[in-house]
Amino acid sequence: MMQGSTIIFYLLAAMSLVFGLLSVTTRQIFRAAIYLLFTLIGIAGLYFWMDYQFIAAVQVVVYVGGIVVLILFSIFLTNQAGEKLPRGKTVRKIFSALAVFCAFALVISQVFEADLTETSGSPAPTVARIGKKMLDTGQGGYALPFEVISILLLAAMVGCIVIALKTKL
Amino acid sequence: MNLSLLILIPSLTVLALLVTRNRSQVCWLSFIGSLVQIGLALALYFAFTKERAAGNSSQMLFEQTHELFRTLHIRLHFGVDGISVAMILLTSLVVAAGVLVSWKIEKMTKEFYFLLILLSLGAYGFFISLDLFVLFFFLEISVIPKYLFIGIWGSGKKQYSANKLALMLMSGSALILVGILGLYFTCGNDFDILHLSQATIPDNVQYIIFPLIFLGFGVFTALFPLHTWVPDGHSSAPTAGSMFLAGISMKLGGYGCLRVAIYLLPNGATHYATIILVLSAIAILYGAFVTMMQKDLKYINAYSSVSHVGFTLLGMGMLTQTAIVGSVMQMVSHGLMTALFFAVIGMIYDRTHTRMVNEMGGLMKVMPFISTALFIVGLCSLGLPGFSGFVAEVTILVGSWQNNDLFHRTATVAAAASIVVTAVYILRAIGQTVMGPIRNKSFEGLRDAAWNEKLAAIILIAGILTIGLMPGWLYQLLQPAAEIITSRLGLGIK
Amino acid sequence: MKDFLLLMKPELQLTLILFLLVFVKLGRGIKNDLLLQLIQVLLLFNFVLGFFLNRNGHLFGDLYQSTSLFIFEKNILNLSAYLVSLVCADWLRKSQNLPEFFLLMVSSMLGMFLMISSGNLLIFYLSLELSSIPVAAMVNFDLLKRKSSEAAMKLILSSAFSSGVLLFGISLLYGSTGTISFSEIPARLNGNTLQVLAFILIFCAFAFKLSIVPFHLWTADVYEGAPIAATSFLSVASKGAFAFVFMGFLYKTFLPLGDIWYGMLVLLTLCTLLIGNLFALRQQNIKRFLAFSSIAQVGFILLGVSGGAPLGSPSVVYFILIYVFSNLAAFGVASVISEQTGKENIDDYNGLYKTNPFLSWVLTLALFSLAGIPPTAGFFGKLFLITAGASKGNYGFILTGALNLVISLYYYLRIVRAIFFEKNDVTPLKNIHVSVSVRFGLIICSGGVLLTGLFSWIYDYIQSLH
Amino acid sequence: MIEPGLYHVLFISSALFFIGTYGFLTRRNLITMLMSLELILNSVNLNFVAFNKWLWPGKLDGLFFALFVIAIAAAEAAVAIAIIINLYRTHQSIDVEKTEEMKN
Amino acid sequence: MPNTILIALILLLPLAGFLINGIFGRKYIGKLAGILSTLLLLASFIICLYTAYGYFYQFGMVDGIYQKIVPFEWNWLSFANGLVLKMGFLLDPLSAMMLLVVSFVSLMVHIYSLSYMKGEERFATYYAFLGLFSFSMLGLVLSSNIFQIYFFWELVGVSSYLLIGFYYDRPSAVMACKKAFIVTRFADFGFLIGILVLSYYTGSLDFQTILERLSSPESSETGMALQASFLGISALSWGLILVFIGGAGKSALFPLHIWLPDAMEGPTPVSALIHAATMVVAGVFLVARLFPVYAISGPGVLESVAWVGVISALIAALIACTQTDIKRVLAYSTMSQIGYMIFALGVSGYGGGNNGDIGLGYTASLFHLFTHALFKALLFLGAGVVIHYVHSNEIRDMGGLKKKLPVTHICFLIACLAIAGVPPFSGFFSKEEILYAAWLHEPAIFFIGLISSGITAFYMFRLYFGIFHSRTYKGHETANHAEGGPAILIPLVLLAIGAATAGFIPFGHFVSSDGKPLDMPFHLRFSLAPVLLGLTGILLAGWLYASGSDRPEKIRLALGGFYRLLYRKFYIDEIYLFVTRKFLFNIIGRAAAWTDKNVVDGLVDLLGAATRGLSVLLRGMQSGKVQQYALYFLGGALALAFLFIYVWK
């Protein structure tokens, strides 16, 4: 008997994978970005499906709202929106496909071989718990990573500004 | 006698060289430095014999230890036995002669002398070190100055030679390095030769490590077929460089073979003695025959060095006490002789601007002193009694003959046969250069040796004659040390 | 609170500098010369201060750990930052975005420090990114040069890819062990193949950062294209920091997988040494040459790492210290010459000794140290690495490694040959004016190259650290 | 069809990872390469969350990891795009095959 | 007892001459060098005389046997295994006799050279070399230790080398001295190995000990040495053969004689001293030194020694008949005479025996050595005068010099008669004893010796007539072309007196194989044959050469191929040349050099080239394409994973 959530899962999975595949194969760059968007949304859906709403929300906000937009902007900035992408080299494609397939097979076989015992039925973390953890400085707290990422963002910002700003000659 | 003086004096000389202003200051400073070295070496010799005469029979004298890398058990452990003392004497003489013959170097004088004294520093350090790590350090110190010597002041295909030399010697030291690390880890993390000699090293380990160390030092001492850096290196180097290279550097290898490989790994030595003998006998004859075909004086001396050094290794491979003493004597003798040979070749080249024997002739007429020196060196080389070469070769042969079996005898006879071939090439060389009519008219106005060159030659000739006429002291000096080495071999042959 | 301040002192110092730099940037009108001097002084203070008031312990649960070995490692990195600011002064002075450059550099250093001190995989990953993303930006600082942007692109893309692999590995590890804390992982490693796979993926990311063959390919291009200050920083600080962390990983976290990583190290060491050496053999551009040489150096580091904790750790730390001096001396000379004459080819160095004896001697010393020639410190560094490697008793491996010294000697001597032996009568390099700070930096480096080995207590001191 | 669980998600994430890898290896446009990278990072996040949910729900390590990875992805993407834009300025192209000036 | 210091002075005086003249001669002493050296040698000679007198008449004989006395020994080098290389003096009849010969001939040559070498640019050097030679030769004969002999043996060789090459700007002289050194060196190689063999079995290098231990068949050392064998020959025999090879080289015995004729490139007095009277008999001396061992423990070896000697005697005599260079004739004659001495030793036994017949060969040999030194030195010095006079070595440039050089003529004649064995000149006595000893031992050797003796007479008188008679001298005449002053004539006359009268010395009383005086009876009937044969030879030579007729030419044509064979010295030189040049140089030497350049060197270069080649080959890896880098990354990770998950567990 197929439950609703199962159907949803397979739909989301198919969506992520198919759009992911399309995104890396299409020769229209703009379409690629859109397919990527769908993939990301599919993944956000999977998070929802797993009851991890907070992370799903972050996924939507950051990726869909941030990164994809950034990518779109950069596509426009580099004047490529309409052009068809050049074909990749066939030899490299063959080798890459081969390597990727082997790696995939290896990883999957290892993952499936490993005896991972699922413990089902635990409640999804609440946002409050996440928030508390985030600012906890003690054992198991995430205050330090939080601070680190702030500096990282600062540095990235400075870097971006210096690089992307038009330089005065 | 404080052994660190042997390192201190060259170091001070080197540092003082840095602040010299002009060429004559550089030359004189180095000369004085090298004289002090001779003085030190002689003082060491006398102090050593005095101690021995006073009944101090410990294996190493004047030992001193300073911690270096404490946690790795690396110590500056100095000490000398007879063999080291002989080598130090040799070094001091060759360095002094080297300083003297380079008096007229115009190009980068300061750097030249800097490197020369640095080399001597390395050699002294090597000979007095009783810690394998420090020994290796000093061994390595001597590689690069040679490279620079050849590359900067050399002649001919100098870049090729310099590279070949540096790379081959480096490969040799890589082998040595692995060997001594093997010793280090087998014997409870210790580099000290005296401690290692107490440790019991399993035979299978010895069989692995011995070839590494022996071949490694073999490269330095031009073990056949690892000798190919010798001819090119020697012939391209400037005079003092060749002198040092052949006179001392090759001895570093021989000393290492003896002190590290044979002394510390007696069973390995016994195991591989046959191979050493075959290789060295080949080297002796092969070197001699190749020499016969050479036309360039420096190549002649270089290949003859291969042949002569073969005797050193032959003596070691025989594993008898007398033969080992002989091989050290051969090292000393060859060191002096070959240094003198190169010095003379340098003097000739400076004047005639050629080293080809077939372009010279009749030099006796224009430069009697240099020609006489060449005569002396030639006669020493072919083992004429009265010169050091004879003493050494005879000692080796007598020692070799103690092995009463056909194989050793054959090797000995084969090696001894080289005295004929040696005579052939030496006399050919002498005959074509200093004898005969003057072939090139421009040679007629050439001048004989200047004071510095004469002094250099005399220093070396004095060494050669001292050993050649009165070898007893050298034998007495070396014999106890050789006895200790052979007593470990457990062959039953004395 | 005091504990917190003292425990995190190295990071706090850097953060302070970071803020100072932000303010400097906000205020305007400070000339580059003055600013550079200011920064140099700051970094010097930072370095000196690193020796005082240190405390061992941990913070944030066990997210942050501080031991005296870590502090020493951080001091080495501080030193390298200071030296970079000195020897690359010529390029820095001309840079339009001087404060930003240092801002990025300092934040990258901060990332390295945190990485060294990190106590779980998350903070490790974050600080790894913190240490590499700014570097990518630094690589692009020659904004108008094609090579610079190409290099930055290659760096950021490949490093992102490697982060992906790393993360995938971490996720698998997390999945199979259930923890991301370093202290808990060893106990939970049961050697099943999924864990091995995870470990190998993490290992590959390290291999990428350390430029281990075959993960090294970005190195040469990035080194060549980047401005020389960035290259210098990348080649010493980044490499050093990753080597430190790498050792911690292998020796502590993944100790139960010791057999596997030893096997991998043996294999990769040989590849790295050989490929690094073979490529360095042919290079004409000095920066590219130094890139491959640094790959070969990494091979030697791996050789030392393979020896295991008791000897491997101190010898690697010691080697990195020496490597900082040697490599920065080499880069410093290359930087001066390239900045003032625009020449970066080895052939351009022909006859350098005639016109620039000072630079020649410094470069020669540095090269000798890199090649492991006594009495320079490189000799000791290399030797201790080999000693550490030999402690496992695998002599064939060690011999192969040691023989690689010969090839490396060959190409280091190539430059020495150019400097001393060759004549260049057509276009000799002019007599280059070496500014005070560069001269000072080069002298410090040469001093370090000469004395680090002879001051043997340094090694013993490192050995005593935990 | 069976009840979807950990292994299903892992399959998806692995597949996505290698789809992304394939894209990264074959796409010639730098921006599309960047997109592939985003796919890779997302697959990893999926892994973390899945592990956290089904295997180790007690602590929130996986979740936080995913969270921070998203942040890093953003920062990385920003810097990458800045670099790509600069590259476009110097090369007038963002074709990866055209940026191979430095080789051998 | 002998005075050690005086004996040392015998050696040290010539050595001082060498050092002083060698170092300061050229610059500071100049013309006085000759006088200085001569005086030193005179002193040395007087001491020799004194010592020999003392030995023979005062302290040498104990209980009717001449003792071997070692007045002085110095442990020059003592090896760990008990072998000691000593420097010492050994006085016995042999060395005492040799001392006299060497120092006397050397003194004569010194005096002679004062005039003969006058005006030479390297006058002082010449005397220095002479001093060195005298020192080494005296040292050799005084040696108490077999290694000491080797030591001085080599020194003698080198002084010979230096003196042959005295005119170093003549290529032929350079060639000759080289040849001399190398050929004798080759023999010395055998000598050296022989010494090693002997010393190994005796455990000593002293003559006394060696003789003691090896010359009694009962001793354990002899037993051991006889037992050990190699290629079917006992070790002791090997040792003796090898030592004899050394002697054969120095003494120019067949087939190692090729250097001696060429050695005539040296100044003539040198030829007289070294290559006639002293150094070349060193081989004889050496065998005589070890004679008990040869005679008692190695009779087989001694047999072959005899044959080598007699063959040398015959071959050299035959060759001498055809040579036209007077010095070469003399050289071959020397070789022939040394052959006599050697085969005399070879046929001898040890001890006295009935009528002293057994040890006769030994005494005869040394007697011949003694007389030969006198007349051969005289011949050379005479030849020197002639050569000086005509400025040529060729017989055809001479002739009819009887009037021009009267004193020389007489002296030369006396020497010729002596060598031809005409009574009562000295050669007659010694040769007669030798032939008698051979007759007693082995008639075949006797007959060959006899024939050679006839030939000797023939070629000597061929020389004599060729120089002093036949044609009248057609060369230009100038005042200074006289015979020379007293410095030339005194040695000639002294030597002539010696050559004429030395035969009357009762030699056997002084020198014998076992130290007991030996009576050498005179066998009148026996000596008829050699004398008659000698006279025939003289007459034949007179008939052919005295008048300058064309008879020799006819005979030469009649002999044809045989003459050519003789003239070309049996092609031995050519064979040697072939072996050395074609085989040693071209095949071994060139092959070794080729190997070194291409194989040994080539391997090293190949290694370098391979490394560089590999580097170029791998270049493609660093393609500059970031995606390819990533592919390598992935491939590497995959490979590692595969390796360490599936292969390596």
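In order of appearance the chains are A, B, C, D and E, and numbering begins at 1 in each one.
What we mean here is this: contacts are C-beta pairs under 8 Å (C-beta built on N, C-alpha and C of every residue); 3 or more make two chains touch, one makes a residue touch a chain.
A quick note: this is a predicted structure, and the numbers were derived from the prediction, not measured.
> Considering only chains that satisfy the touch condition with chain B, which of them also satisfy it with chain C?
Per touch definition, common to chain B and chain C: E.
> Starting from the defined contact criterion, work out which chains touch chain C and chain D both, please.
A, E
> Based on CA centres, what chain would you say lies at the far end from chain D?
The most remote chain is E.
> Name the chain whose C-alpha centroid is farthest from the C-alpha centroid of chain C.
Farthest from chain C by mean C-alpha position: E.
> Could you find the two chains linked by the most C-beta contact pairs?
A-D
> Closest chain to the protein CA centroid?
Central chain: B.
> Which integer distance in Å separates the CA centroid of chain B from that of chain E?
36
> So what's the Cα centroid distance for chain D and chain E, whole Å?
That pair's centroid distance is 97 Å.
> Provide the C-alpha centroid distance between chain B and chain D, rounded to the nearest whole angstrom.
Each chain reduced to its C-alpha mean, chain B and chain D end up 65 Å apart.
> Round to the nearest whole Å and give the separation of the Cα centres of chain A and chain D.
Using C-alpha averages as centres, the distance is 6 Å.
> At least two other chains touched by the same residue of chain E: list those residues.
619, 622, 624, 626-628, 630-631, 634-635, 637, 641, 645
> So which bits of chain A are touching at least two other chains?
If we look for residues of chain A contacting two or more partner chains, we find 92, 96, 99-100, 103, 106-107, 110-111, 116, 140, 142, 145, 149, 152, 156, 159-160, 163.
> Find every residue in chain D that makes contact with two or more other chains and list them.
In chain D, the residues touching two or more other chains are 10, 17, 20-21, 24-26, 33-34, 50, 55, 64, 68, 72, 75-76, 79, 82-84, 86, 96-97, 99-104.
> Which of the chains are touching one another, listed as pairs?
The complete list of chain pairs in contact reads A-C, A-D, A-E, B-C, B-E, C-D, C-E, D-E.
> Can you list the chain E residues touching chain B in their complex?
Chain E residues touching chain B: 26, 75-81, 83, 85, 147, 150-152, 154-155, 158, 161, 165, 168-171, 173-175, 177-178, 181-182, 185-186, 188-189, 192-193, 196-197, 199-200, 230, 584-585, 588-590, 592-593, 595-596, 600-601, 603-604, 608.
> Which of the residues in chain C come into contact with chain A in the complex?
15, 18, 59-64, 96-97, 100, 103-104, 107-108, 110-111, 114, 122-123, 126-127, 129-130, 133-134, 136-138, 140-141, 143-144, 152, 172, 175-176, 192-194, 197
> Tell me, which parts of chain E touch chain C in their complex?
So the residues of chain E touching chain C come out as 611-612, 614-616, 618-619, 621-622, 624, 626, 628-630, 632-633, 635-637, 640-641, 643-645, 648.
> Could you list, by residue number, the parts of chain D that touch chain E in their complex?
These residues of chain D touch chain E: 21, 24-26, 33, 96-97, 99-104.
> Would you mind writing out the residues of chain E in touch with chain A in their complex?
627-628, 631, 634-635, 637-638, 641-642, 645
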